[in-house]
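What follows is a set of structures for review.
Common to both upcoming complexes is subunit A, partnered first by subunit B, then by subunit C.
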Partner chain A sequence: MKTRREFLKISGSAGLLLATVPWFSAFSDSKNTMGEKARIGVIGPGSRGQFLMSFLMKNPKVEIVAICDNYQPSINEALKMAPDAKVYQDYRKLLEDKDVDGVVIAVPLNIHHEIAIAAFEAGKHVFCEKAMAMTPADCLHMYDTHKRTGKVFFVGQQRLFCDRYIEAMQMVHSGTFGEIEGIRTYWFRNGDWRRPVPNPELERKINWRLYKEYSRGLMTELACHQLQIGTWALKTIPNKIMGHGAITYWKDGREVYDNVSAIYIFDNGVKMTFESIISNKFYGLEEQILGNKGTIELEKGKYFYETVPPAPGFLQLINDVEHKLFDAIPFAGTSWAPETANENTGDYITGKRPKTDGTSVLLEAYAEAVITGKQPEQIAEEGYYASVLCLLGHQAIEEGVIPDFPDEYKLDYLNHKRATQTVSI
Partner chain B sequence: MKDTIITVKRKKIEVITLVACFIIACIVNIYAIAKFNTSWSEIFTSLGYVLIFSVALYIAWSIIRLAYYLIKNTFTKKKR
Partner chain C sequence: MPVPFINKVLGNDKTIFYAWFESMHTRIDIALCNRPEGVCEKVIDLIYNELQDIEKTVNRFDPGSELYLLNESASVCPVIVSPGLFQIIKDCIDYYEKTSGCFDITVNSLDSYRDGIQGIVCKDLNNSIFYENPAIKIDLGGYAKGYALDKCVGILRENGITDALVNFGNSSVFALGNHPSGNGWKITLPSADTGQDSFVILQDECLSTSGNEEKKLHIRSPFDGQCIEAFKPVSVVTKDASSGEVFSTASFVSQATGREFFINFATIKYQ
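So, the complex of A and B:
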């Protein structure tokens, strides 16, 4: 687990760190909150919820005081982690619990909006798993309710708190890689994305990601993480979206696409692409930032400059002599001179192979914010735009249209200005 | 098996030969730096390659000398 102190070592100063990650202001009072606890209720302690709980349990500033689920196996597993937590079947009852300061919402996408709004109205701070909601209108409603109630609002965009992403963005923003000309993201898997179902009646409850009633499929479950990288790197929001999706392989009754592509176009013509196929995993997942002076591959945690220092003159001379001697000989085998010495192998952003994805720091930040009651800068906006962008990508795919970013969903953020202040609260 | 004696003269010749090989390798390195327009710091940073090349030169030169002495010895015996 990387602490804020370690982040400061990387960045050199708090000012420099906050310029790239303003949401780290969550830690500004961390010394004063020693000994205090954020009392958290987890709504939806299924597999993702338990994953989040595993980090929360390690944090001495967190106490999981309640859990809520209507699926008993999930409750049983969650109670193994937090045996003292109160158990609720109905989230409304949990929200009435005065011992709960903030909630972690890790339920299917279609009920994020309903629960988050109820939580804000009940005076609870909210951590909501990504994506925020099923529609941009619901996302905006959640954002506006957060602003109106003044309660802390986090969306589960853990890359915003990951050390290598932060260092990479500092390099991007300082011009290390020149002008950013393109962003490519992809997430390839080879699997049906299904979970075992003990009873056919539970199919939609457990495999909710596969059905349009509950999910927007690959766009909300995977693209949401990666699209946010582009806006972070370019400090601007793309305003035109196009895409296509289809079920090409897993024709097993699912309703969401297993093969999608989307293109997001920024005002200066730079494009960000997202592609996901879940019947081939060869390329895995990656976010690539392409500058005229270099490239970053964030998942691998590496960067590559366009110009590679040449091999030492001595080796070049040996190569030269070797080629003059042996190139004309048809049986010449593998080169004995180290020709690969100038291969572009890149360097690790943090100096070492990546290990974490930022989830632990994200949840530490949420706990700090719950204790202080202060909303960290820009974290809600980043979550909002990540969600709305993936939903607009879904709209482009679903309707076969090329939507511009609708004015009614713009916030006062980066290159966007909010059109009106009339909100549907 | 019998004891062999390496004379002082022989030791001097071998040391001088090795030093000569090292100097030649250094000159080759300087030539390569100039030819390929790389950094002059490679005079030092490429010392590893230079040392390996020196040893290779020394071994190659030793093989040539060995072959020369073997042939020379063969003819000398025949004449006797």
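So, the complex of A and C:
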């Protein structure tokens, strides 16, 4: 598991890093917070919640002081990880607990909003799994409540903290791949997306992702991972959205689509697409950034140049220069000719095969912010737009098109200016 | 097609800019030190365009090139060529003399025609070239890269770049000035014996290598027209890339027997 310290070493100086990841300001006090503890309550320690707990438990600056769930099997599993945690059935009771500084919310989507608002009002810092909420209005309400209460707010967008994404964005922002002409994201699976249900009465509780009352389906559960890439790469928010969705294969009583496609159009005409089919897995999942000089595949962690790839000897030279080394450069030899060039298999962004997805660093950042009480820059805004873009995508799928990003959901962020009359509190 | 590049800003006004592209049937890698990105981009553009022009002149396979036209017509009547091509051919004839015939731009003439260089008539008065036999064909494949590399270095110097490394398809490497952390540039020698580091330090010098790639024979001997069946490459260090190209080829062609002679012109690194 890569720790933040190792990560900073790899990524070079902190100054360069902050231009691409302003939210790394979360770590600016990390020396001063040595020995301090973020006391965390986990609301919804189901499969995702336990996954998050597995990272929190490894952080010496975190103490999981409470857990809350109304499903006993989840409580039992979570207690194996955090045996000293207090157990609550009702999140409101957990929020009254003075020993809890901040919460981690990993419940079904439809109750994110209610619990997050209550947590802010109770004076707790909030880490909420993505997507934020069921509607853009609820997302805005959560964002505004975070601003008004001054409590820390994170949405679980782990790619914002993943080394290869950050490195790739630095390359994108410095023009390595030229003008960005398109972004393609897709997530293909071949499975019914169901969890085993011990008792038919629990179907909707356990398989909440499949029902409209609790979820927006593939858009809120999968697209929210990927659509934020566009905003991050282009530093702008798309304006027009088109989409379509249908149930084409899994006609098993589910209500959410198993086959969706959405197009997000930026003001300059560049488009970002999201596509998901869960009855064919051949292409897997990927986020592709297409520039006129090259392509990045973020999931694979690779980049490809349109023409000849850079020479490994020169990349080593750059690395040597960065580390003030004066080493011999290996490339001289008999002539290179195009026919002897290898096919374009690309290169790893970080120099090696990807291992982590950023979740551990994301949770480290949250712990730091809970201890200091300082909101890292732009993290709430990035989370907000990632969720709102998914939800507007869902709306476009229902209505066919959203011609303009609605003014009432704009924040003062990037190319957006907030309409003054729309304060949702 | 825009040229891709990487520019790393290292602080204290130190930067390293790296651009690469394909040109003249090979890959070009250029690292420039401590100059603003905009300047580097402009210089790379100048170099890119210069190489396109050179290729348009010297590619004997391109029916639109000047050399193609020359090879097709010069045995019929004298052909007036551009001053650039005229000078290249005259220089190559000089190098034929200097290398006792080991470097010969007519080695790939038709029907194994030998001593073609003797049948080239250059007239300074009007930059015209005449071939005395229709079998004579000029092939600048073993020279053009060195010539082009010298042009690149000229562009770098004209634009105030003092520290740079330029690689032409691995067989010609020119090092200008210094590496950001050392004196000169340290280049590993090709096919260096494993187990011990073998490198040269270049400073305003060129390292040129000639040899056959993995048993693919491509260098012909001007003396018998046959491909040379040897695989150990020869590298030479020279002050300019053109002569490096010439003397590495000549050293490879002459093998052990004639190399000592070339020490007058180049530092020869035996492999």
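Quick note on the criterion: the second predicted complex is superposed on the first by the 382 of 425 C-alpha atoms of A that agree within 3 Å, B and C clash if a C-alpha of one lies under 4 Å from a C-alpha of the other, contacts with A are read in each partner's own complex, and residues count from 1 in each chain.
The rule is simple: a residue touches a chain if its C-beta (ideal position, glycine included) is under 8 Å from a C-beta of that chain, and two chains touch if they have at least 3 such contacts.
Keep in mind that what you see is a predicted model, and the values were worked out from it rather than measured.
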Touched partner set for A:Tyr305, first subunit B, second subunit C, both or neither: second
Contacts of A:Lys293 with subunit B and subunit C, given as first, second, both or neither: second
Which superposed partner A:Val401 touches (first subunit B, second subunit C, both, neither): neither
First, second, both or neither for A:Ala419, with subunit B first and subunit C second: neither
Which of subunit B and subunit C A:Val197 touches, first, second, both or neither: neither
Contacts of A:Leu317 with subunit B and subunit C, given as first, second, both or neither: both
First, second, both or neither for A:Ala246, with subunit B first and subunit C second: neither
Which partner reaches more residues of subunit A (counting touched residues only), subunit B or subunit C: C
Where subunit A meets both subunit C and subunit B, residue numbers: 310, 313-315, 317
In the complex with subunit C, residue positions of subunit A that touch it: 13, 16, 171, 174, 176-178, 292-294, 305-308, 310-311, 313-315, 317-318, 320-322, 324-338, 340-341
Subunit A contact footprint on subunit B (complex, rising order): 28-29, 31-38, 42, 45-46, 49-50, 53
Touch list for subunit A against partner subunit B, complex: 310, 312-317
Partner subunit A, residues of subunit C touching it in the complex: 1-2, 4-11, 14, 16, 18, 20-22, 25-27, 29, 31, 145, 165, 167, 169-171, 173, 179-182, 185-191, 197, 199, 207, 209-213, 233, 235
